[in-house]
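Chain nomenclature is as follows: A, B, C and D, assigned in order of appearance, with residue numbering initiated at 1 for each chain independently.
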Amino acid sequence: MAGNSYGTLFKITTFGESHGEALGGIIDGCPPGISLNLEAIQYEMIRRKPGQSAIVTQRKEPDEVQFLSGIFEGKTTGTPIGFIIPNTNQKSGDYSHIKDAFRPSHADFTYEKKYGIRDYRGGGRSSARETASRVVAGAIAKQMLSEIKINAFVSSVGNIFIDKPYQDLDFSKTESNPVRCPDEATAAKMEELIRSIRKEGDTVGGTITCVIQNVPVGLGEPVFDKLHAELGKAMLSINAVKGFEFGSGFCGATMRGSEHNDLFNNDGTTKSNLSGGIQGGISNGMDIYFRVAFKPVATIMQKQSTIDKDGNSIDLEGKGRHDPCVVPRAVPIVEAMAAIVLADFYLLQKTYK
Amino acid sequence: MAGNSYGTLFKITTFGESHGEALGGIIDGCPPGISLNLEAIQYEMIRRKPGQSAIVTQRKEPDEVQFLSGIFEGKTTGTPIGFIIPNTNQKSGDYSHIKDAFRPSHADFTYEKKYGIRDYRGGGRSSARETASRVVAGAIAKQMLSEIKINAFVSSVGNIFIDKPYQDLDFSKTESNPVRCPDEATAAKMEELIRSIRKEGDTVGGTITCVIQNVPVGLGEPVFDKLHAELGKAMLSINAVKGFEFGSGFCGATMRGSEHNDLFNNDGTTKSNLSGGIQGGISNGMDIYFRVAFKPVATIMQKQSTIDKDGNSIDLEGKGRHDPCVVPRAVPIVEAMAAIVLADFYLLQKTYK
Amino acid sequence: MAGNSYGTLFKITTFGESHGEALGGIIDGCPPGISLNLEAIQYEMIRRKPGQSAIVTQRKEPDEVQFLSGIFEGKTTGTPIGFIIPNTNQKSGDYSHIKDAFRPSHADFTYEKKYGIRDYRGGGRSSARETASRVVAGAIAKQMLSEIKINAFVSSVGNIFIDKPYQDLDFSKTESNPVRCPDEATAAKMEELIRSIRKEGDTVGGTITCVIQNVPVGLGEPVFDKLHAELGKAMLSINAVKGFEFGSGFCGATMRGSEHNDLFNNDGTTKSNLSGGIQGGISNGMDIYFRVAFKPVATIMQKQSTIDKDGNSIDLEGKGRHDPCVVPRAVPIVEAMAAIVLADFYLLQKTYK
Amino acid sequence: MAGNSYGTLFKITTFGESHGEALGGIIDGCPPGISLNLEAIQYEMIRRKPGQSAIVTQRKEPDEVQFLSGIFEGKTTGTPIGFIIPNTNQKSGDYSHIKDAFRPSHADFTYEKKYGIRDYRGGGRSSARETASRVVAGAIAKQMLSEIKINAFVSSVGNIFIDKPYQDLDFSKTESNPVRCPDEATAAKMEELIRSIRKEGDTVGGTITCVIQNVPVGLGEPVFDKLHAELGKAMLSINAVKGFEFGSGFCGATMRGSEHNDLFNNDGTTKSNLSGGIQGGISNGMDIYFRVAFKPVATIMQKQSTIDKDGNSIDLEGKGRHDPCVVPRAVPIVEAMAAIVLADFYLLQKTYK
């Protein structure tokens, strides 16, 4: 398996399966001399971890990150930051019923065909548990980029959407409710929907919007490594993501040039921002904003017909502790990946000066 | 500037600006012994080039690719394939009026701030002319992957959408009309819309859908380098792209797990295909399909107010020969980037056996 | 700090300092389905570890590798193999006298200037303790390449050289003496020299020769990534290495073409092998052999004059437990790096078929 | 074929065979705003090109580099610099006698086995003609690093060595004789030796020493990407190179720590410089110096017995225009590769500040 690294100058490499002894990773390229607030890192871990509220999975994973290198007397030393997150709460028994089954819309089938072997106790590397390591790296990237403000939030669950522009939202409210939707009235409706869907043993999809403010002009490369192309890859690499759009997005594809162009103010800012803060793949200093679509979780608590390894039809019913809706817990992951992408371009930009 | 390469094992590196002497590139990693049909490569170049019909820009660029290495007696030798595409039709005079201007929603401003220097005669590396080199590499990737069928087409222009599933379309019709929409009735409406918008000196956005068939099971890596994440990055790296979705896409984010899961047939195929041919980042052998959103071209033939380098307000009117709608010409570029991504994963997959 | 990864398809990334909590690494790209002999891996760790004999450092480091992922039921799964090696025997007190000192011919000065911060308790990442992680990766690479035989041995210590061609040596004798020299008479002299130098509080350099047999034809790439160029980089990346030569090496630079050319036998083997098994950067199936020069260990048990951070002259005397001669312990490291390089090219070569 | 790129931030990718239409390359990552002296670049090409004197091959290759992008009004724009070097003087007839032959100590055999196809008209990518592209990139790197002084020279031919330390040489004399040896008395002896060997239809090896001065402290990474490891790979990637040593090199392996350690002066410089300007993989500001061993050219003008593709014995006699000794022409190549390596680390170092 390749592709367990992300980034060029600020680079994260992760390892670990949902049911092994530990997850972990190595952050290479973090500059020296950055004072790290370890509590802020752990706070991001807590935001991601299961069991935080009644509407997410009740698995208990303490998700305590242990740093093994690269930090000395509270500061980064410039050497690689190795860390592990022990898996303390694996219940392998929960998964024995799926040892030979291919769960619908999971990666069981593709893993089996690709590798010819798989750790059937969980999703292996396709488990969203892998994202815990990304959150560690993202939390460090955030501290490195302390001027830049990254705020993600749940913008829709099923057919319930926030109906306000992000400028009218108060991001400080995002953490005030279990859905992580900063519009409290909408949050309440979303929570109700998730509860009712959970009762039915079903799951539901949603979207996350991310807004990045105070970005320096000049991040991103104009050809293949456009800032939004890299953000898109980063988001699409998160489990269950089906789509990515930035600025005007898919809606922009229905518009005319005369209404879509962002006219300049004399100071170089723009009157509108359909570009989403990126022109020609390079940040222009305006807010960057994008939206990420998540499918409903594939594991449902209803009986489904599926097949086993030999192609025999079997019945399968979800067991264990799964999320009825993944988007609340994915908010810190979206922020983490955004921070990692920005950190990489931020370091690269230094080489032009 | 970094980021002028794409791919790891099948790798394309490009160079060249819209107004330099030539564009070109190097394809590294193409296996030896592949018989190349050079006419098929030139055919893709013709599909992309300007001046093909009344609804695209009337610039004349012969876009003849000259191969300089890597091919011997009609076959690839395994050595890097170097090629150039001379720029024969630059009219630098066309651009002198924008030497000091920042065109709205172009990369002029971000280039100036990022590099402190730019070739004002054109878009530099942010010109879509760069994609000619991608089409060369994509055409070779297509021949390397001759079993795999890649068909892109225009699925919407402005608010005119094809209202059929792709399974009901005849891809052999895509090239029969200048819009590259395989549904002829819709194509006629799209063409009419583009003509009327052109008359107004305006431009319009649109979407391209791409369908990839006969994909072997197992392409893609489960974590950061998911097949759809790489396809997403590749598409978002094309000029004017604002969004990417695959399978159920943004629509999937409104659905429930019980309706979204793709149930298996006994042979391992699935009854539905909301997954879009990819599960856990790995191809499952079903059709891969995705949709790409393009904004309207920023250069319009109407007067716009903008600023110059010093922040003074100036009026600007588009001159020269520009596309009123970019999607027809972007169809071969979407196919090319898809082919490049698949070629890379195809070679990588060989290392697991 | 960048550069903590080695390899493209078989890739090792390491972390950890000599005085942190643990060392470790991630091996990405190891193919699935390889049965791993964990004892054989631990055996390589024991070969490298300190305290094995009277002529090496008497530090006690159990160096037990703990695998955290990527192995299931005794086989590789194709997922990244994460591992740690706890540091159980740090004696930070040993190093307090050098907190502000720049030890001669160590990396203290360059670290301080490069990073502006350093973990003064040890050599940080420049400590040879980092190579423990390489040995883990190399041991796995060896098992993946079970057909290929990699044998390194000490070929000189100070001015005592083996005076036989490697073909006359019995590699099974290498481990029979603490010097790791397969020629027992020479080994005895080397051991005596090291003992006497140790008594003087001094250190001595040496060379390691490595012979690789049963290599498939075709490994290596002809331009920048020549097989010997990559082997050279891998060896030069080992602590204390000052030189690398393969085949005829520096001696070949004094020869004539008529005596240096390796003439072919009719089966494609060559009568002589001054090429060292590599022609044009590609393995030709003959034995690969190369020689690596190690400088004497910089930490000596004699008083030296040096400077502190502020440029003041100070006296310094080596304390602690250091090797009088590094080459015996470097033998498994040379083999490990050779295995890693070969594993990478071995996987790459599969993409051409 | 992979491996046609070198560098991460300052990256050169090359293409082209000795007998194709052109060689060329792309330099990606060169910062914007560097004033380029194109004559200085062409001067380096002339140093490398054949036919400069009676002791090198008499092939005529004008080796005029044509820049196609990345330079505007005399300055780099930060965009990729594409260039070609037309092959104007191929005499394919010269090579027809070797179409089916495997020349001893050439890459014919390994190419055939690796790729199953080869352009028999020349050495393909294994021809030293490829290095012309490296010289272009190196010449630009030199201009980017204008403070750093890189001087390579021939330090031995056969058994004739310069017997002075480099500090006693006047590098301005290097170009004053065809051997490129700055010690004129030794140069005369070397030239005589080459002439006499040429008359015999034979060839001879030699070494090049390279001295790099005014290097900033801090270049290089402490683990895998040590400055000397990367320099070693770069040198070993040059055709015909068999060995690399820096600082005390192989001689250092015979020394004791007490005599090898470089003691500090109070200003951080060192009294001796056996380290060769690099400690722990990082430049310390002292002179960097290294030595590179080149084997004798494999093509000799004497009859040799060899085999053809089918394993039949055949007689082969060198034809055409070949160098009796490659080291004089390799001097600018060594400098070019050193400059490329330094440019890459120089840009990387900016990311730590």
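Methods note: contacts are C-beta pairs under 8 Å (C-beta built on N, C-alpha and C of every residue); 3 or more make two chains touch, one makes a residue touch a chain.
Each chain and its UniProt protein: A, B, C, D = Chorismate synthase.
Since the model is a prediction, treat every value here as computed from it, not as a measurement.
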{"item": "Selected from A-B, C-D or A-C, interface repeating B-D by over half of its contact pairs", "value": "A-C"}
{"item": "Chain pair with the higher count of C-beta pairs in contact (A-D, A-C)", "value": "A-C"}
{"item": "CA centroid of subunit C to CA centroid of subunit D, Å", "value": "26"}
{"item": "Rounded Å distance, subunit A centre to subunit D centre (Cα mean)", "value": "46"}
{"item": "Distance between the centres, which are taken as Cα means, of subunit C and subunit A, whole angstrom", "value": "39"}
{"item": "Shared interface positions of subunit D, touching two or more other chains", "value": "1-2, 4-5, 8-9, 14, 29, 32, 78, 114-115, 124-125, 348, 352"}
{"item": "Sites on subunit D touched by subunit C in the complex", "value": "1-6, 8, 14, 102, 104-107, 109-111, 113-115, 123-126, 130, 156, 158-159, 197, 202-207, 217-218, 221-226, 228-230, 232-234, 236-237, 242-250, 252-258, 260-268, 270, 274-276, 279-284, 293-300, 302, 304-307, 311-313, 348-349, 352"}
{"item": "Of all residues in subunit A, those that touch subunit D in their complex", "value": "8-9, 29, 31-32, 78, 347-348, 350-353"}
{"item": "Parts of subunit C lying in touch with subunit A, wherever the complex brings them together", "value": "1-2, 4-5, 9, 11, 13-17, 20-26, 28-29, 32-33, 66, 68-70, 72, 75, 77-82, 84, 114-119, 124-125"}
